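Structures follow.
Across the two complexes that follow, chain A remains constant while its partner is chain B and subsequently chain C.
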Partner chain A sequence: MGGFELTSGIAVGLAFGYALQRGRFCVNTGFRDILMVKDSTMFRAWALAVIVQMAGVTILSGLDLMPITVPPFWWAANIAGGLMFGVGMVLAGGCSSGTCYRVGEGMAGSLVALVGFGLGILLADRGALQPLQDVLRSNIVFVDGDQATLANVIGINPLWVGLAIPLAVGIWLWRGGVGNRQYASGGWAWHISGFALGAIGIAAWLSSSSVGREFGLSMTGPIRTWFVLALSGENYLDWGSVMIAGLIVGSFVAAWTHRELRWRVPRGSRILQAGGGGIVMGVGAQIAGGCNIGHSMTGMSVLSLGSVVTTTSILLGAWMMAYILFIRPMAAQSA
Partner chain B sequence: MADTELDMRGEICPYPLVESKRAVEKLAPGATIEVLIDYPLALDNVTRWAQSAGHEVVETRDLGPSEWALVLRAKSAG
Partner chain C sequence: MNGPWQKLVGLVLAVALVAAAASGLWRLNRPFPDYDQWFVAQISDGAMVIDARGSLSYSRGHIPGAPRLWSRDFLSYSAALPGILKTSEEISAILSAIGLAPDQEVVVYDQGTGADAPLVALVLTSMGVSVRVLDGGFDAWLAAGGTPSKDPVAPAAAVSPGDWAIEQTTLVSTEIVQGAQSNEAIVLADARGEIDFAIGHLEMAVSVSAGQMAPSGALPRWSEAAWVVDPVGVLAETSVMVYGTDLAEAARTWLSLRAYGIDNVTVFAGPFQVLATAGLPMEVPVAGAPVRASSVCFGAPVAGPR
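For the complex of A and B:
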């Protein structure tokens, strides 16, 4: 691994972890709370992060300043994997990035979920569930020989689509206003974290692409490389792997410098739930070819149809599980 | 001193929110509850939910690194 690959990966990871911790950014919370408590604050942070990155990547690739890779549209894997990931993240109490930054803050439940996530990835990538992954990924849809995107599927220049979506979503966010900027815990308001994460996403694309990894932020692949190294000794570490290490350190530094570092251990049954949820998340993310970062932020920024379908499936899986686990029991109690 | 206490320290997301909501909705109008929370996002979303549901956030006491006591008062009937 070259010096720039190492340093730029760590630098982007540090910034990513710092921003995730200060923004308390979690796609699980964002997707779940729209339905559970009709609160869209975190969802707006995610939407802003997506459109900032989408506009930036569209412009940079449109000017030929950066090569990009579009995640494939293997629709069965996108749907099944996305649904599993959504169900798993509600059980685990955090999406993949949420889980990783909470490890840096000292949350034992998230550490257990992360170990489960890594094992789930290996289970589908090279373990007992590999045949399932192979079947679900066997049908890839191309458009004129290229990976399917929101642009080529309707025959429009990606430059227009990649700028029209950020404009439309941006207007929607703008009209909703920022709301209360002072959060009880003193963290960043949603628009600050959304903008910061979008900008970090662009920096990730630029630095990662410059060392031959033509993609931006992702979690599933990088976490897989660490687990493969730990369990089999094979070394596939790359820009993404060091970025993940930087993420956890960045979150640790953010928590430490804001008096939020603390070792927290949930009770036994919750540890099992977090670990089980982590495994389900890992299997789902591996089958879909990415998670709430690789698909729902980075893949969306290159308009991948597979990423849009995966993200929609994650949302539906999370809502289904939140309904079973929280909404229905709460309604039964109030009735 | 609040009328009841709910210790959500160590819990994973979203149990602090779910249990706080459940507990506040069981309170008599005007009664108070002290929720112990050790997770920043939970402090934010429990506070935000309470305000949007019309309950009063009486105080947020800092108890140390990543630990807070959030005192909520259930809204009056009607």
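For the complex of A and C:
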């Protein structure tokens, strides 16, 4: 691993972890709250992060300053893996990035969920569920022999699509007003964290691509790499792996400097649920080829159809589980 | 409200992030380390310009004053041995005939596709000539406002063929390639396409395809070249020996590696077919074995072939 690969990966990871913690950014929260409390604040932060990154990546690749990789569109794997990931993240109490930043804050439940996430990834990547992954991934869809992107489906220049979507979503966000809703005292407002995460996503594309890893932020692959190293000794540490390490340290620094660092251990049943949810989440992310970061932020920024389908499936899976776990019991209780 | 040192932490992280992004942008688009040693963007004064294209392209228009030296003139063809490099004596005669002297600086160009200029550059380099390739070739020169000439150029011989007493070290024989297969200090690089490589290649060879190292004759983005050569263990100080479907293909990989900053690159002086029929140990990879070490988030990481 080269010096730049190491330092830039850590720098981006530190900033990523810091922004996640200050923004309390968690896609699980964002998707779940739309259904449960009819609040779209965190969802708007996610949408802003996606469009900022989409506009940046579109301009950089349009000017031929940066190569990009589009996640493959294996529709069965995207749907099944996305649904599983959505279900798993509600059980675990956090998405992959939310889980990681909460580890930096000192939450024992998230640490258990992270371990479950890694084991789930290995289970599908090289364990008992590998045949299922292979079957679901066996059908890769291309658009006229080219990559499956929204621009190729519509048949127009990606530059127009990659700028039109951010413009349209940006107007929607603007008309909705900025507001000042925060998820905890002292945390960033949604528009600050959305913009910061989008900018970090662009920085990730640039520094990661410059060391031959033509992709932006992702969690599944890098976490898999650490678990493969820990369990089998095979060493493929790369930009993404050090970025993940930086993320947890960045979140720790943010929590520590704002006096929010606290070792918190939930009750046993909650820990079991977090671990189980983490495993389901890991299996789903591995099968889909990415999670709420690799697909729902980075893949979306290059207009990948696979990422759009995975993100939609994550949303549906999360809503389904939130209904079963929270909404139905609450309705039964009030009735 | 954040205190001053909390703001300082945020500021340091923001600066580190911007630095990572800016240096990433620079690294992505920086030229190859030895680009200037092997390429020129414009014809410089004092250098002899050589047209490496075929006769038809040359007759339609060429850079004024440039004699024609088709890359294939260096090769002899027969049914048994297609595209074998001619002997040093024969090459000396060809070079003398176009008025080239050993101490002359040369700029060579082709149409811009990389089909001819790298091979001429390789042979001239092996004969001790200081040579560079016109980046973008004839098409780029035309686009920059060059006015082509249709007049043939017939220079007088500058030196006699006997003056080209060069010890040949850049272009190597079948026996030397065979020796490299058992020499851990040499990386044997297969310049053919990845599919050809997957079907079968020389034992101990790694894939450094000309298609990736010089797509359409142009150098790739620096990081894309690194993505090809880094995983197969090629460093600046590594000794590399290249072979290709033909010598022109091997020359494209050779030129890219030299511009990438690898100094010790030799090339097999013939086509892969010669090596395959000479009985050199071959390797057929497992069917479906991945060729790129991609581990972003889609699939399992894969080690390089060596």
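The rule is short, and it goes like this: the second predicted complex is superposed on the first by the 331 of 335 C-alpha atoms of A that agree within 3 Å, B and C clash if a C-alpha of one lies under 4 Å from a C-alpha of the other, contacts with A are read in each partner's own complex, and residues count from 1 in each chain.
Convention: a contact is a pair of C-beta atoms (placed from the backbone, for glycine too) under 8 Å apart; a residue touches a chain by one contact, two chains touch by 3 or more.
This is a predicted model, so every value here is computed, not measured.
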item: Residues of chain A touched, compared between chain B and chain C (which is higher); value: C
item: A:G221 touches, of chain B and chain C: first, second, both or neither?; value: second
item: Chain B versus chain C as contact partner of A:D33, first or second or both or neither; value: first
item: Touched partner set for A:G94, first chain B, second chain C, both or neither; value: first
item: Chain B versus chain C as contact partner of A:S296, first or second or both or neither; value: neither
item: Partner chain in contact with A:N152 - chain B first, chain C second, else both or neither; value: neither
item: First (chain B), second (chain C), both or neither touched by A:T310; value: neither
item: Partner chain in contact with A:E105 - chain B first, chain C second, else both or neither; value: first
item: First, second, both or neither for A:N78, with chain B first and chain C second; value: neither
item: Touching both chain B and chain C, residues of chain A; value: 186
item: List of chain A residues in touch with chain C within their complex; value: 4, 7-8, 11-12, 14-15, 18, 60, 65-67, 69, 71-72, 125-126, 186, 199-200, 202-203, 206-215, 218-222, 224-225, 228, 234, 236, 238, 240, 250, 253-254, 257-258, 285, 289-291, 294
item: Residue ranges of chain B in contact with chain A within the complex; value: 9-15, 17-18, 21-22, 25, 38-41, 43-45, 47-49, 52, 57, 60, 64-68, 70
item: Interface residues, chain C side, partner chain A - complex; value: 2, 5-6, 9-10, 13-14, 16-29, 221, 223-224, 226-227, 230, 293, 295-301
item: Chain A residues touching chain B - in the complex, by the definition given at the top; value: 24, 26, 28-29, 32-33, 36-39, 41, 92-94, 98, 105, 107, 109-110, 180, 183-187, 255, 259-262, 264-267, 270, 273-274, 326, 330, 333-334
